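Below you will find the structure I want to go over with you.
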Amino acid sequence: MNNLSYFFVLCLLATLSHAIELDFCVGDPRFRGEKTPNNVFGNNVTLAFSDVFPAFNGLGISMARLDFAVGGVIPVHSHRTSEVLILVKGSIIAGFIDTNNTAYYKRLEVGDVMVFPQAMLHFQINVGKTPATAFVSLNGANPALQLTPTALFAGNLPADIAQKITLVSQKEVMQMKRIFGTA
Amino acid sequence: MNNLSYFFVLCLLATLSHAIELDFCVGDPRFRGEKTPNNVFGNNVTLAFSDVFPAFNGLGISMARLDFAVGGVIPVHSHRTSEVLILVKGSIIAGFIDTNNTAYYKRLEVGDVMVFPQAMLHFQINVGKTPATAFVSLNGANPALQLTPTALFAGNLPADIAQKITLVSQKEVMQMKRIFGTA
Amino acid sequence: MNNLSYFFVLCLLATLSHAIELDFCVGDPRFRGEKTPNNVFGNNVTLAFSDVFPAFNGLGISMARLDFAVGGVIPVHSHRTSEVLILVKGSIIAGFIDTNNTAYYKRLEVGDVMVFPQAMLHFQINVGKTPATAFVSLNGANPALQLTPTALFAGNLPADIAQKITLVSQKEVMQMKRIFGTA
Amino acid sequence: MNNLSYFFVLCLLATLSHAIELDFCVGDPRFRGEKTPNNVFGNNVTLAFSDVFPAFNGLGISMARLDFAVGGVIPVHSHRTSEVLILVKGSIIAGFIDTNNTAYYKRLEVGDVMVFPQAMLHFQINVGKTPATAFVSLNGANPALQLTPTALFAGNLPADIAQKITLVSQKEVMQMKRIFGTA
Amino acid sequence: MNNLSYFFVLCLLATLSHAIELDFCVGDPRFRGEKTPNNVFGNNVTLAFSDVFPAFNGLGISMARLDFAVGGVIPVHSHRTSEVLILVKGSIIAGFIDTNNTAYYKRLEVGDVMVFPQAMLHFQINVGKTPATAFVSLNGANPALQLTPTALFAGNLPADIAQKITLVSQKEVMQMKRIFGTA
Amino acid sequence: MNNLSYFFVLCLLATLSHAIELDFCVGDPRFRGEKTPNNVFGNNVTLAFSDVFPAFNGLGISMARLDFAVGGVIPVHSHRTSEVLILVKGSIIAGFIDTNNTAYYKRLEVGDVMVFPQAMLHFQINVGKTPATAFVSLNGANPALQLTPTALFAGNLPADIAQKITLVSQKEVMQMKRIFGTA
């Protein structure tokens, strides 16, 4: 997740006179302002998961803001929760692939919504002529996001294993690892 | 829910050659365009729950768009799911009340997020000088939304029972029922 | 919840020689004897939730005893769990309101049972000529009970917000806050 | 479950104008009146599970009334849900056994409550000089109740298998099957 | 569970640079080699539950290896999870009993699979002429296994209560307690 | 899933005299005998999920048998459930990748067990000199298995989208699609 920017929150701890099991805090994750995509994918992902935003603890829900440069992409990824996306700026193609290897994808305009079933591979691509912004919500406080390309090529998985389990050629695996600085 | 506007979706039914248990559809709930508040509360709520948007069936998540006139309000309400809100236009006060009768509320600006714990009473008020728009997501496909004032005074609950269980005066109960046309 | 009486339990901590994950205790929440309603609602609610009765921790169930004076009422309330009620003394009207603002209510006699769906507003009123007693059980160890009138008018929610989100008149809001001593 | 008496309910089917996913019915399972124990165990168990009381469908909770003759017993049994018991007449010993073979049992008087963890063997014995009555609630609409003695000896399980898997002697197995009329 | 052999695991604690909520460990529960049945039942049960194998914590799954001497048996037992069994050596009869006291049992050969529904009593008997081995998996990290005969007769449950709640004769109860050394 | 062999089961439908909600069937998914790997990956996967083995319906558990040719591999894949693996023949490397792109992998010998957390990418490679066989169990009746390479390159996902969301070169994408016959 080294390509994702985190944010920090001030959590106003409530003084609950009889509090035993409940702890609430009023969140303010500052999705405010411009978010400039500055990584290899041309995206900027601002997470509001329970690890960075404690207000979500125990509530079974979380959120993220997705900003796309022109041509930017959220590469194929998955997580254990379902996801719903609302596009608020620009125009993107969003899609997912089901267990029969069938891809469902669609061009979205501002105001459009798309749902991604839990644990299915999915992706978003900015196909408009301007930057794009979307908000997504996930039905879990800590969705366990896994980006497929970085999981396979940007970490400590040896190149020979990566090649064997993906069928990608040795040359291409090394090219991928060079992209992510792990060659 | 007579004060809420529904939307309809075209659901592209996928042709799954080996489909046995899975049925997906690509949603397009058209949160597009302007939504004009035109009810007594000064709001316009566009729901994308599983009853009107079948793509959510079985996925444990849903969404709604909230539009506020100047001074508009989403009256106090609750549902069995948690909710997260992102404000995309205007300025509102959002809040909830916990089981110790303590209210947590905060003025939100564009880009701010707030979380509402499941089943707790909560509300939103447009306190800015312009219309406001927010998107909310809920961690359930059919959240079972219940607006407190309409539940108590806009349905078939007899006035004498309403009075007895709310401690509100008889005169005020009748005034409320007049507002909702059930006096 | 300042209008509810708590009880305390002696929890016999078991000496489990190999205990690693399990801790049981044999509960004795003393629902015994007479319970005298002495609050503004004419009720006496004795809770056996996990915060006061640790034996319920992790078991997904809890209980309460409801005692009603003649004319007493459990005001409209909700919680995130479902509830089942058995009447053991007297005669009451019990009911709930669904998401279409439809109220379902019924006069119960001794031995009658009623079910209240999770998170739906519900209530009980003693309509007999004697005190009444009921036991309720809830499918959660900590149901997060919220009484609607006290949530809105007996806590720290400002009067102007309460008025705005309920449509109740300013005069009536102040009258309610006087009832609960928060004006 | 041939030793349990069922009851039938009239379910007032609500006419919901916009009903799509919700169906409620107001239950009246008639736990009213006297229940005479008339089986080999000296008990009378009146169930309000979802199979006989449809109002419980989807609500995750159910109930039963237990009546004991003097000396009557609910033999050792288990179910996949947790259970809470409230004694309303007489005096009983109730208990359960945990995964370390440790038994927790206690004499209960009127008003006492006891909790039984899900899937653990448990039992109740009337040890008073009068009939006894208790109500139990379970956190599941269909708890899948299994009485150990009848499961092993009152059904179609062959005697030689029963003997092998219980270590009970052949003679005793046959005696048990004679009690249940399956020898 | 005094008749079950435990195993210990070396858990390679991962050094996660940004770990906040996740802790994985790579398990090696050593189901390797021969397992010699040496108890009264003629079995050897090697558990990989979360209490002895921390890698299962939070993952909702666990495993066990069952070894049977010739004529060996896993006595009737239950747990709060479902179970699936695969036979890899020998020939056994496996079965379960449902809530109508109907037993379902079947002779299994190497490669056969059987499913046992959650909380239902079930058993396995080696009916072949050689030792047998099976692996089972359970959909919970800590299934709360309860062997019926040892729960009733090998712990601290008094003989008179055991007799009363099982209908087994006093003489047989004492014989059972002698088998387990608790007479 | 076109590279997976299915099996069929005879399901002995029980005649339950009072059956209302329960339907059991005794499974026999015939994991018996040799399974010859004959696909591009050098594996043979025999599934016992609820879609092909109805006995698993509603029980929250399923199973699969994995057979590996020498050098065979189960390519990187994921599913919404957790998985536990027991190796019964040969020697394999099994591993998974977590949300920090850290790979955990280990050489397993006969009798070794490994756990794969829900929704995380994982894989198995036969690194021994003989064929290998493992059994896996999953804590869901229909785990929604998704093989990453076939999801991306063996279905209807257009090559240009595949390239964009994986960062794999155009040439390599076409090579992959040729492997799967979708170029």
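Each chain gets a letter, A, B, C, D, E and F, in the order it is written, and its residues are counted from 1.
We take it that a contact is a pair of C-beta atoms (placed from the backbone, for glycine too) under 8 Å apart; a residue touches a chain by one contact, two chains touch by 3 or more.
On a predicted model such as this, the values are computed, not experimentally measured, just so you know.
Visitor: What angle, rounded to the nearest 5°, describes the rotation that places the Cα atoms of chain B on chain F?
Guide: Between chain B and chain F the superposing rotation measures out at 120 degrees.
Visitor: If you average the Cα atoms per chain, which one ends up farthest from chain A?
Guide: Chain centre farthest from chain A's centre: D.
Visitor: Using CA atom averages as chain centres, what separation in Å is found between chain A and chain F?
Guide: 25
Visitor: Chain A to chain B: how many Å between their CA centres?
Guide: Taking the average C-alpha coordinate of chain A and of chain B, the gap between them is 26 Å.
Visitor: In chain F, which residues are in touch with two or more of the other chains?
Guide: 1, 18, 22, 98-100, 102, 105, 117-118, 144
Visitor: Could you list, by residue number, the parts of chain B that touch chain C in their complex?
Guide: 1-2, 40, 73-76, 78-80, 93, 95, 97-103, 105, 117-121, 123, 125, 144-146, 148-152, 154-158, 161, 164-169, 172, 175-176, 179
Visitor: Which positions of chain E touch chain F when the two form their complex?
Guide: Residues of chain E touching chain F: 14, 16-19, 22, 24, 26-33, 48, 55-56, 59-63, 81-84, 86, 88, 98-100, 102, 104, 106, 109-115, 117-118, 135, 137-140.
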